[in-house]
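Have a look at the structure below, then the notes.
Chain naming follows the written order as A, B, C, D and E, and within any one chain the residues start at number 1.
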Amino acid sequence: MQRIMAEKAKELLQNGTVNRVLGWKKGEFVYDITPAVFNNTEEIDAEFVYDDFCANNLSKYLIKESRKEGKVLVFLKPCDTYSFNQLLKEHRIWRDHVYAVGIPCDGKIDLDCLKKQDIQGIVGIETQNDNFIIHTLYGDHTIAKEDALAERCLNCKSKKHVIYDELIGRDGEVLDSHRFDMVEKIEAMTPDERFAFWRGEFSRCIRCNACRNVCPACSCENCVFDNPKSGIANKAAADSFEENMFHIIRAFHVAGRCTDCGECSRVCPQNIPLHLLNRKFIKDINEFYGTYQAGEDTESRAPLNIYNTEDVEPSIVYKKGGNH
Amino acid sequence: MIFSYYPGCTLKTKAKELNFYAYQSAKALGIELQELPEWQCCGGTYPMAKDETATKLSSVRALTLARDLGNDLVTLCSACHNVLKQVNNDMQNDEKIASKANIYLQLKTPYHGETKVLHYLEVLRDCIGFEEIAKKVVNPLKGKKIAAYYGCLLLRPSKVMQMDNPENPRIIEDFIKAIGAEPVIYPFRNECCGGYLTMEDKALTQKKSNTVMGSAQEFGAEMITTACPLCLYNLRKNATEHDLPVIYFTELLAEALGVKED
Amino acid sequence: MDNKEKQKERILRVSGVNVLKCMKCGKCSGTCPSYDEMDYHPHQFVYMVEKGEIEPLLKSKSIYKCLSCFACVERCPRGVEPAKIVEAIRLEVIRKQGENHLKPNQIPQLLDEDLPQQAIVSAFRKYSK
Amino acid sequence: MQVNEIKEFRPKIVAFCCNWCSYAGADLAGTNRLNYPSDVKIIRVPCSCRVNPMFILRAFQRGADGVIICGCHPGDCHYTSGNYYARRRMTLLFSMLDYLGIEKERTRVEWVSAAEGAKFAATMNDFVETITKLGENKRLEDLRCKE
Amino acid sequence: MQKIGVFVCWCGSNIAATVDVSAVSEALSHEPGVVYATNYQYMCSEAGQNTIKDAIKKYGLTGIVICSCSPRMHEATFRKTAAAAGLNPYMVEIANIREQCSWIHKDMATATEKAIILGKAAIAKVHLNAPLTASQSPVVKRALVIGGGIAGIQTALDIADAGFEVDIVEKSPTIGGKMSQLDKTFPTLDCAACILTPKMVDVAQHEKIKIYSYSEVEAVKGFVGNFEVTIRKKARYVNENVCTGCGLCTEKCPQKNVPNEFNLGMDKRRAIYIPFAQAVPKVATIDANYCMKLKTGKCGLCEKICTAGAIDYSQKDQLIEQKYGAIVVATGFNPIKLDNFEEYSYSQSPDVVTSLEFERITNAAGPTSGQLLRPSDGKHPHTIVFVQCVGSRDTSGCGKPYCSKICCMYTAKHAMLTREKYPDTDVYVFYIDVRTPGKNFDEFYRRAAEEYGVHYIKGMVGKVAPKADGKLMVQASDLISNEQLHIDADMVVLATAIEPDKSARPLATMLTASMDTNDFFTEAHPKLRPVESPTAGIFLSGTCQGPKDIPETVSQAGAAAAKVIGLLAKDTLTANPCVAHSDEMMCNGCSSCEKVCPYGAITYVDKEFRMPDRTVAIRRVAVVNEAVCQGCGACTVACPSGAMDLKGFSNSQIMAEVDAICK
C-alpha cells in the first residue's frame, strides 16, 4: 500500500496536479510517526511511509495547508474523511486547494497495547491474517490484531470514505459498531460511581492541551481557554473544578461537530478516555434527535444548530439519565 | 391476537352466558382469550378512598400477571372493567397507593400501571374493527331495533376509562350496526340502573330501571343489550313497568357470527 | 386540633378531594340519580365538609343511597368529585366497630336466584368493613 | 471550641430568566405577592438561548447550589426559536453533567410564561426544596471560591 | 474604573416596608467604584429623577444603578433621566428589588440581604457596561389590521381617520365578524346590524382603507416600524372588481345544499354566495368544496348568467407582499365546541342550541326570518330553558377556566326579548352567579327578572334528555329551594363559553407575540399597557385579548388605534442597541451563528488579516447586520470560539452578575 500511495503521490506531483503532499513519515523509531508535508518526489522516496502505525488524522492540517498557494494532496483514511468533510462544512478548508485521496485502513495499532505485552525495541511490522508480526531487536512477536488495535479501530464506525477525489483500493461500508457500549456501562453506574470514575480520570489531566491541539473540531482561531476576555481562560487546572470545566466545555463545544475520530484519546499522555465524553454527546443526540453523524455530509444542519418543535424536554434527563 | 382475560366472579356463575358467548365469538374472530391463571374477585366496585390499599390488591395482582405475560388485559364485565382501569390509573398516577401496593405484594418488578386494560368492546372496535366484524357476520340481525345500555361503569369516569364520549357514546351503537341491527338512541342509556342498591332499596332501583327501560321503549327499542350482569339483572327484574328483553351483547355477537350454540 | 377538625381533615385526606375547588354551581345535585331519596344532597356534602359540619352527614341516609355512578364526578365543572366525599363519609361511619350497614346474616334473605355476585360484593364493600 | 454550631443550610440559587416571558412571570409573582425563598436570585437575559453552559458552570464554581433556566414555552419564544435551541443545549448539557456523576437535580429548565406568576413561584419553591434536600454543591465546587 | 452612583427607591412603602433601604444604600456605597449612594421615596418622581441627574453631574458618574421596581416598568424612564443628564442611557442598570424582592419576602432581614446582593450584581454588571448608541430605523406609515370584526373595523377607521393607510385582512368573504350575526345588543337593545352596517360601509368607502377579504396572513418578517407581511388572498373565483353584487348567481346556482355558516348551518345556501345582504365587499364567492364546475368541470351556470362577466373559474390563490409599520391583531372569538358537554344533548337534539344559534333564530335575516320556532319541527316553543356557564369557569379540563363575561348579559337579553315577543312562553334561566358589572347592566338583568317574569333559578342543569314526544326533559338543581327539578322544555339554549379564534395561535407564532394558556394574547402590562403586545409594534384589539362585550371592544379598538397612530406619527424609531457583535479576530467563519439566527442578520465576508509574522491571511468572518439583529443571543452560544457576544448582555457582564450573586 505504501508503495502504491507513494507512486500516486509522485505521479500527481510530476503531472502538476498537486504541489505538495500531506502524509506520514517515520520519526526516530518506526512506530514514532509524524504527519509531514512532502514537496517533491525525492522527499517522498526518502521518508514517506504508510503502515499500521500511521494513526494520525491529517485533516486538521489542511486548515493551514489549504490556505497556502497551490494544491495539496492529502491521504485520508475512512474516518479522516469525516473530519475533512466536517471542516469543509464549517468553511475551514479551502476545498479547491486540496486533492483528497482515500486510502483503505484495517485499523491502527495502539502502542500501549504493545507496551503492555512487553514488546520493546520495535523495528518493523507485518500483517498476517488476523495477526500482526512485530519485528523487534529481540526477535519477532506474533500478536492477535484484536489485542493490538486501538479501541477506536476495534469499534470502527465506518470503512466508507464519505469524500475523496480519488480512491485507492475499494470503498468500505458504514459499520454497525459497538462504540457506545462503554458509555452505556458508565450510564448504568450510580452517580457516585460515575463521579468517582470521572474524578479518577480527570484528576490525572495535566492540561497539556494535546487533545485540543489534535482535535479537528477544536480548530478555533483563538480558543476560549486562551482568551482572557472569555472569562474562562485558564492555562493549567488549579483544582478539580477547573479539570471538570475544561473537559465539559471542550466536549460541549465539539458536540454535534465531533466525528468521533478518537484522536483526543489517542494523544492523551495520561490515557484519559476523552472519547467517552464525545460519544456520550453523540449517543444522546442520536437518541434524542435522531441518528446524526457529523462529517457524513456537508449540507445537513448540526444537531445543536437546528431544532424540532417536538424535541424532548430537558427533564428527560431526570427520567432516563442513568442510575440513581 | 392473544389477550390475557379477566372474567370476574359473576361471569363464572350468574353471567355464564356473557362469558360463554364471548369465548365463542372471539374464536370466530380469531382472538385468543387466555384466562389469567390465578385471579381473584375485583370487589365489584372501585374503592375510592385514598387510604384503601388492600381492597385494590386483587386488581393489582391481575394487572401484574398480565404485564408479566406481556399481554393486554381484556375484561368483559362492566364492573371489573371499571375497577381494573381505575386501579391501574392509581398505580400510574397515585404514588402513595402505588408504593403501598408494591410493598404489600413484594413484586420482583414493581408495578406502575404498565398493563393496558381493554374492555371486550374496545377489542372489537380498536383491535378488530367493526367493519371487519360486519364482514364476518353471517346472520345479520336485520330490522331488529336494539337499544344499547351503557350504565355508569362502562364510561365513567371518562378521564380514566378513556373508552368513549361519556355523554354521547357510540361504541355499542356501532357494534349494533356491525351485526346488522338498528341502534336505538335514547337519553338514559348512560344513566344508572340502580346498581347494587337493589339489595338495600328496591324501590329506588325499580324507579331507575323503569326510567331506563321506559326511555328505550319510548324510542322504539325492541330489545336492550348490555355488558353488565348487574344492569341486566336490574333491567330484567326491577324494570317492573316494562317488558323489553335484555340480552348480553356477546350473545348477539355470537348469534350474528353464526356461532351461537346453546 | 379538636376532634371535629381532625375528622374533617381525615375526610379530606381519605377522599382526596379539595372541597375549596367547588364554586357552588349545584351541577352535581342537578345530575344525581338518587337525589330524591337523599336527605342531604351531593352539593351539600361538599359544602358541609368545607364548613366542618360533618355530624349530620354521618347520620344521613344519603350515604347509603349514593349509587357510586360517578355522574357527579363526570359532570362537575371544577373536578371536585363529590362521590368521593360521600364515600369518605360512609367509611367514617362503617369503619367504626359494629357500624356495618349490611351484616352477613342479612344477606340470605336479600338474595334471589338471579342476583349476580357482583351486586353482593359491591353492596358488601359499600356498606360493610 | 467543642461543638460547631450547625448552620442551617441555605442554598444559593441562580435563575436565568428570559426577558419576555419568565422574567415577566417572576414580576407577576411579585405583583401577586406570591412567596418563594430569597435564595433565588434572578439574572435577566434576553432569551433562554443566551444562556451559555459557561454561565452555569461558572455559577457552580462560584458557589451556587442550583441553577435554573426559565424561558418562554416552546412555540412562544419572542425570538421565535431561541428556546428551542436552549432546550437542546440544556438537555445535552444536563445529560452530560449527570454522566459525570454530578447531581442532575441541580440544574433545571422550566418554561414560564408572562402570565404564569403562580407557576414561577411554585417552580422556585419546588426547586429550592429540591436543592435544600440535596445539600451543598460539592461536586462542582471550587474551594478557592468558598469563604 | 467606572464612577458609579447607586439610587435606592423606597417606592413609598412598597419596597421600604420590607427592605431597609438605607441599609441597602449604605452597604452598596462601599462597593468598588461606587462614589455616591442614596435612597429616596420615589425615584421615578420628578424629584427622584432630579436627584439622579444632579448626582450624575456633580460626581461625574459614568454608570448608575437604580434599585427599584422591575426594569420592565421603569428602565426606559431612568434611561431617559440619564440621557437628560448627559450620561449614555445604556450605562444604567436596574436592580429589581420590588417585584423580585420586597413583594415576595416578608422578613426584613432576608429581603434587605437579598436587595443588597441584587444591587451588587447590578453594580458588577455596570462596571462592564459600555456606552451604546441606538441606530434609527424608518417607520413604514401603513398599518395592518388582522380581523374584520367590530374590533378590526373600529381600529381601522380610527387609524385611517388620522390619515394613515390601513389594510384589513379578513379570512371570510366579508367583514363584520360576530357582531353581524347578532340580533339585538345589550343593554340598550338596539339592533346590531343597524349600528354595525354603517361602520362597514364607512370602511368600504374610506380612501385610506383597503380590505383584503377572503385572505389570511401567511408570513410575517421584520420588526416594529418595518414588518414585511405576506398575505394569501384565497381564490374566490369571482373577480372582485367586476362583480356588482347583484346576487343573481346566488339565486340560480343549482347546488342548493351547502350549510350556511352565517346562520350556523341552520339553513342552506348555494355554492356561490354572498354571506348576507350587507356584506362588505358585496361580491360573490364560490365555495370550491361544493361548486360542481370546480369539482367536476360540469355546470358553469353562474358564468353564463353573470352579466358583469365576473366569474373566473381559473382564479388562483394570490400572495401579496406588503410592508407595515404596525400590526393590530383583532382575530376575535368563537363559541367552543360542545363535544365535552353532551349531557346537554347538543348533538342529540336539534332543539338544544347555542346562544349564537338562538341569536340567528331570533334575527329577521335568520333561518326562521325572526320567528321564534324550534328547529326540529318549526313549532313555537312554550318552555325555554337557558343554561348559563356551559364550558365557562370549568377547570375539569372539559371547558375553559375563565368566565366568558358576555353570557349573563346576552342570556338576560334573550330571556327578556322572548318574554316580550311571546308572553305565553315560560323562560327559565339556570345560573351559578349573575355577573353584571357594567353600566346599566344590573338594571337590565333585574328588568328581565322583575318586569318580564323570567324565572331565574340558582342551580345548574345536570342533564337534558330528549323525549320521544319531542320535549326535552331538563333535570336540574334548585339550590335555594334545595330540590331537584325536572322541567319539560321545548327548547334549551346553552350559553356556550367563548374561546379565541383558532387562527390566533399560529398567528401569534408568526408575530412572536405571546399568548396565555387559553390562547388569548398577552398584553404588555395588564393595567398600564392593555392594548399592546409585549412584542413591539403588535397591538391588540377586541376579544383576541380576553372576553369582552361590544362597548368594551370598541373602546379597546380605539385605544389600539391611538397607539398605532402614535407609532406611525414618528418618522424613525430608535432600534435596540443591545445586538450581537462578532470579534473578527476570533471568528472561525464556521457558520454556526448564521444557522441559529432567526432573523438572517448574520452574513460572512472574506477579509484580509495581517498576521503577526507579517503575512496576510484571508479569513471568512461573520458580520452582524445591526438593524436586523433583535438581540436574542442564540448566536453567542452557538459560537464555539466565543467570537460572538451580545452588547448589553455580554458574557463578561453576565458572569460578573453570576459572581456577585454567588459570592
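Please note the rule applied: a residue touches a chain if its C-beta (ideal position, glycine included) is under 8 Å from a C-beta of that chain, and two chains touch if they have at least 3 such contacts.
These numbers come from a predicted model, not from an experiment.
Colleague: Figure out the least number of contact steps between chain A and chain E, where 1 means they touch directly.
Modeller: 1
Colleague: Based on mean C-alpha positions, I'd like to know which chain lies farthest from chain D.
Modeller: Here the answer is chain B, farthest from chain D.
Colleague: Let me check something: if the centre of a chain is the mean of its CA atoms, which chain is farthest from chain E?
Modeller: Max centre-to-centre separation from chain E belongs to A.
Colleague: Contact counts by the stated rule: is the higher one at A-D or C-E?
Modeller: Top pair by contacting C-beta pairs is A-D.
Colleague: Counting in whole Å, what is the centre-to-centre distance of chain A and chain C, each centre being its mean C-alpha position?
Modeller: It comes to 71 Å between the two C-alpha centres.
Colleague: Would you kindly tell me how far, in whole Å, the mean C-alpha position of chain E lies from that of chain B?
Modeller: 47
Colleague: When the centre of a chain is set as the mean of its C-alpha atoms, what distance in Å lies between chain D and chain E?
Modeller: 30
Colleague: Return the distance between the CA-based centres of chain A and chain B, expressed in whole Å.
Modeller: 62
Colleague: Mark out which residues of chain B touch at least two other chains, giving numbers and ranges.
Modeller: In chain B, 166-167, 191 touch at least two other chains.
Colleague: Going through chain E residue by residue, note those that touch at least 2 other chains and give them in order.
Modeller: Each of 343, 397, 463, 596, 638, 651, 655 in chain E touches at least two other chains.
Colleague: For chain A, jot down the residues that touch at least 2 other chains.
Modeller: 224, 230-231, 304-305
Colleague: Could you list each pair of chains that touch one another?
Modeller: Applying the touch rule to all chain pairs gives A-D, A-E, B-C, B-E, C-E, D-E.
Colleague: Applying the document's contact rule, which stretches of chain A touch chain E when the two form their complex?
Modeller: Checking each residue of chain A against chain E gives 67, 89-92, 219-224, 227, 229-231, 253-254, 257, 301-302, 304-306.
Colleague: Hey, which residues of chain E end up touching chain D in the complex?
Modeller: So the residues of chain E in touch with chain D come to 70-73, 96, 98-101, 103-106, 110-111, 113-114, 117-118, 121, 508-509, 512, 514-517, 522, 534-535, 578, 596, 598, 630-634, 636-638, 646, 649, 651, 654-655, 657-659, 661-663.
Colleague: In their complex, what parts of chain B are in touch with chain E?
Modeller: It comes out as residues 159, 165-168, 185, 187-188, 191, 215, 218-220.
Colleague: State the interface residues of chain B toward chain C in the complex, per the touch definition above.
Modeller: Per the touch definition, chain B meets chain C at residues 8-10, 13-15, 41, 43-51, 55, 77, 79, 152-153, 156-158, 166-167, 191-192, 194-201, 204, 208, 228-230, 232-233, 236-237.
Colleague: Would you mind writing out the residues of chain D in touch with chain E in their complex?
Modeller: 12, 14, 19-21, 23-24, 26-31, 33-36, 38, 41-47, 49-55, 58-59, 62-64, 72, 75-82, 85, 89, 113-116, 121, 145
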